[in-house]
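Consider the two complexes below, in which chain A is the common component and chain B and chain C are the respective partners.
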Partner chain A sequence: MNLFISRDELIRWLDQLLRERILAAPVQVQGLTLFQPISKVEEVTLDFGNTTLSPKEWFLPPTETLFSMQGNDGHPQLVPSTIEKDAVIFGLRPCDAKGIALMDGPFLREPGDALYQERRARTSLIGLSCRQVQPECFCTSVGSAPNDSSHVDILLTEIENGYIVQVITEKGKALLPEGLTESKEELPAPPELQAVPTKEVTQAVREFFDNPYWEQLADRCLHCNICAYVCPTCYCFDVRDYPNKGNPERVRSWDSCQSTGFTRIAGGYDPRAAKGARLRQRFSHKLLYFPEEFQDIACVGCGRCVKSCPVNIDIREVMSDLQQLEAKSGS
Partner chain B sequence: MDSELIQQIRYQARDLLESGTVKGVIGYERASDGLTARPFFAYEPAAVERLIFDETCSHNLARYLVDKKNEKMAVVVKPCDSRAINLLLNEEQIKRDMVFVIGVTCPGVVETSWNHKDEELQARCKTCQLVEPPVYDFLANGEAVERPQGEPYLDVQQMETKPITERKAFWSEQFDRCIRCYACRQVCPGCYCPECFVEQLNPLWVGIRIAPKENELWQIMRAFHLAGRCIGCDECERVCPVDIPLSLLNRKLEKEVKELFDFQAGLNPEEQPPLATFKKEEKLGFEE
Partner chain C sequence: MGLENPFVPYLATLKSAVDLTPDVKLLGVELENSAEKASFDYKPGQFALLSAFGEGEAPFGIVSLSRHGDGLEFAVRRIGTVTNALHELELGDVLGVRGPFGNYFPLEDYVGKNMVIIGGGIGMAPLRPVINQILEQRDNYQDLLIINGARTPQDLVFAPEFKTWMEAPRTKLELTVDRGDEHWGERVALVPDVVKEVAPSPDNAIAITCGPPIMIHYTLIVLKELGFKDNQIVTTLEAKMKCGLGKCARCNVGDKYVCQDGPVFTLEQISQFLEQP
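And then the complex of A and B:
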């Protein structure tokens, strides 16, 4: 049974949620749409295709302290960071929710990442299905859909006078306001998307590891970190200890396989110093190594990298090129 | 029907590749949106048919010459981009005989993002004084276009009138958004250090945190490193995924250098950049 919530009721609900916990929602900031903790419901925008950065930063922040060392009497204690409040992420798209589900693979597999685990357990996801799709979107080609409810606790779908509410999990049920009635309307059909073939792509990446294709593609790649940082499934990080005035702390920050020195090892050797090798790593991780470990390819079709890449390295084109190489070699 | 300008670029590129004068031609091709442009490397004569030029060709392709410094390459440049070639020659990052410059007379370019292009010219094009590139081997000549000649430092001057607290607050707000993706650095023709100071880990110059203090340090150091060297292509601002107005900062420093030394980078390959030279008669400001 699906429920219905009017726009006024939604505002009251969000207002109630933000009093009890951290409520992160899409906010317009200088022309960008970003997930930010809000203090007033009026800050929320629902008029967006997708946010500029993905909501992954709520589980893997750009920078966080993992633990600090306290006590300088010769017996220092490690004090792990903790999460202060429960949180709700409101308004995330189904593709981004799948991105979080994919990050669960590396972060929750034993031994899980303690901070990620805690954030994940204490955060609820209220998704917003897409009634319109963007030209860069291709979620249906990578196992998601504009109305995919599999990775959220509650999914809202906008209809004329409000939203249809699908309660997916017990966690979602606990968040619901009282007094919502059954929806009289059926869920609308999701918008259609152009298909991007991905069937042979994992095999093709494996087979064409040494193909000159990668060096050629890397010619125009700038090797900035935009694609990795806007991506809802890229999760590489760097770790560093800071003195912090006698209470040293261990910090982790986002990092990317595109940056120079990402793979540099002791002694200075870098096995992926070549531009092509670095670019291949990005796609190999997404399309080959990740599915080998965790089944799905590590792309949710949000199209952020397509939209943000300054030199138009388009993952759909890369997948298509690789599969064409595969088709040619097979014939 | 492709424009006369495109025909000229393709003709020249084909000739250079067929004769073996260059190993490759760095130009523009249509992006995957079918609307805007992206950089393209042509290594075969047949590939020159993919070369285009139009108002969406914003990228400064001179940046790629440093990657390809050991191979003779041709590069398609707008007048503004060609200043980067002069900068790189001046700083001895590339050799003149290893580059064939295909200059274009430029009608100005528009803001683009994937699947989108503006109607209006980019701000920098509205104040651009250059019709022809200051350096070229072949000039692809388009139709002459009259451009409005605006004041290039209007926004800088407006900023200068504001109290320091206000300016500080403005920039803090901008830098807080920075995600240290380094796209501004990677796209910059003047940023070619084999190891950037932010990547020097031993000792660590700038912390790895993506946080206000570190972001600010990164952005200020980046801007200062380009003082008197920035050639004003504004590529850093175009590629910034969080829309930090980097051009405003760069042009403030450009204006200072212009006022102090009457110098603008990249206009003349022979003229030494003032901040890279020292003259005995120059006052240091703390003597006597």
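And then the complex of A and C:
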């Protein structure tokens, strides 16, 4: 049974939620739409195709302290960071919710990543299905959909005078306000999306691993890393120590396999120095290694990398090209 | 309370620091917590991440044999920020240890075999516990041949142990350097050329090699010429690492994570990697 919530009821509900816990929601910040903790419901924007950055930053922040080293007597006490409060992410798209579910693969497997695991356990996801799609969207080609409710606790779908509320999990049920009535309206049909062929892509990456295609594609790549930063499933990270007024911190921050020297070892040898090999790593990890480990390709079809790449490297084209290479060799 | 954070290292004390070469120190380390210490067991080939607090963390092969946390040793070459800081530590100073991580040389599978150990420079570090375990269980193995090269005689990392190795039964040690000096009476040659000249037989043999990438590259060619099959050649891969937990994705080579699936691989396994290390 689906419920209905009016716009006014939604505002009151969000207002209630943000009193009890951290509420992160889409907010306009200098022309970008970002998930940020809000203190007033008026800060929320629901006028967006998708957010500029995915909500992965909630679970894997761009920079976070893993532990701090306290004490100046030469004998540090190591104080691990902790997660203080429960949280709700409101307004994430189904594709981005799937991105979080995919990140669970590496971060929740043993030994679990403590901070990620704690945030994940203490955060509820209220999704917002897409009534319109963007030119770069292709979620239906990679196992999701504009109305996919698989990876959220509650999914809202906008209709004329409010939202249809689908309660997916017990965690979601616990968040619901009192007094919502059954929705009289049926769920609207989801918008249609372009189809990107992906069926043979994992096999194609394996087969064409040594193809000159990668070097040609990488020729124009600037290795600016924007694709990794905007991607809901890219999770490569760096770990470094930073001094903090005599109490140094061990800090984790986003990194990318596209960075120069990402794999350079002590002494200077770099097994993956070539541009083509680095760009190939991005696609091989997403389309071949990740599916081998976690049974799904690490792309949710949000199209952010397509939209952000300064030299128009387009994962849809890459997937399509690779499968055509296969077709050529097969004929 | 959340679960234990796997990024937080054990606290340890620097117990000894011996100069092995002008840029390599043998660091003796003891975990502070007795329970953590007693359960710190490992096998030859495994590694740990050492923290110089405030400077960072880096992976090192464990060069000692496991004694329930006693006598834990690392051979650290001074080459970057973290190793520099580790060299600067004084006895009694605190450092961090995470591990042991990774797989190991399956020495129990090699019982009854002739063992060929080929190491270059600081690449001898993960091979030292292999040699010492074979020597401890000498009767379990046939002939032991050690070929050890370095840039100069001063760079032979485990020189203080050469006498013990040479005097062990059915054990031969061949030393070589790129550049000798007036006292040097041994070979001046590249490691692969020495392997070619000494020409160990592949019969019932396992060859384990570790060293600079270029040395490994040419040593593998020579071993194959000598008739060693890919499943008789074992090496340990060096990779940039940050987490040691199979998460940061930095040591990813093909579909393998060196920190979890390695660092020890046979050439047979490596030749099946999509991406060559």
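Everything below uses one rule, namely that the second predicted complex is superposed on the first by the 322 of 331 C-alpha atoms of A that agree within 3 Å, B and C clash if a C-alpha of one lies under 4 Å from a C-alpha of the other, contacts with A are read in each partner's own complex, and residues count from 1 in each chain.
The working rule: contacts are C-beta pairs under 8 Å (C-beta built on N, C-alpha and C of every residue); 3 or more make two chains touch, one makes a residue touch a chain.
Bear in mind that the values here come from a model prediction, so they are computed numbers and not experimental data.
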When chain B and chain C are modelled together on chain A, clash or fit: fit
First (chain B), second (chain C), both or neither touched by A:52: first
Which superposed partner A:114 touches (first chain B, second chain C, both, neither): second
Which of chain B and chain C A:76 touches, first, second, both or neither: second
Chain B versus chain C as contact partner of A:216, first or second or both or neither: first
Touched partner set for A:174, first chain B, second chain C, both or neither: neither
Chain B versus chain C as contact partner of A:30, first or second or both or neither: first
Partner chain in contact with A:274 - chain B first, chain C second, else both or neither: neither
Partner chain in contact with A:311 - chain B first, chain C second, else both or neither: first
Touched partner set for A:225, first chain B, second chain C, both or neither: first
Gap in Å between nearest CA atoms once chain C and chain B share a frame through chain A: 5
Footprint overlap on chain A, where chain B in one structure and chain C in the other make contact: 238, 240, 255
Contact set on chain C toward chain A in their complex: 1-9, 11, 51, 53-58, 77, 79-80, 83, 93-94, 96, 212-213, 238-240, 242-243, 245-255, 274-277
Complex contact set, residues of chain A against chain B: 29-32, 52-53, 62-63, 135-136, 216, 219-220, 222-226, 228-230, 238, 240, 242, 251, 253-256, 259-261, 275, 306-312, 314, 316-317
Chain B to chain A touching residues, read off their complex: 31-33, 36, 38-41, 59, 63-64, 67, 113-115, 177, 179-183, 185-187, 195, 199, 201, 204, 207-211, 235, 238-239, 241-243
Contact footprint of chain C on chain A as seen in their complex: 66-67, 69, 74-76, 78, 80-83, 106-107, 109, 111-115, 117-118, 206, 209, 235-241, 243, 248, 250, 252, 255, 257, 262-267, 269, 271-272, 277, 281, 284-285, 288-289, 292-293
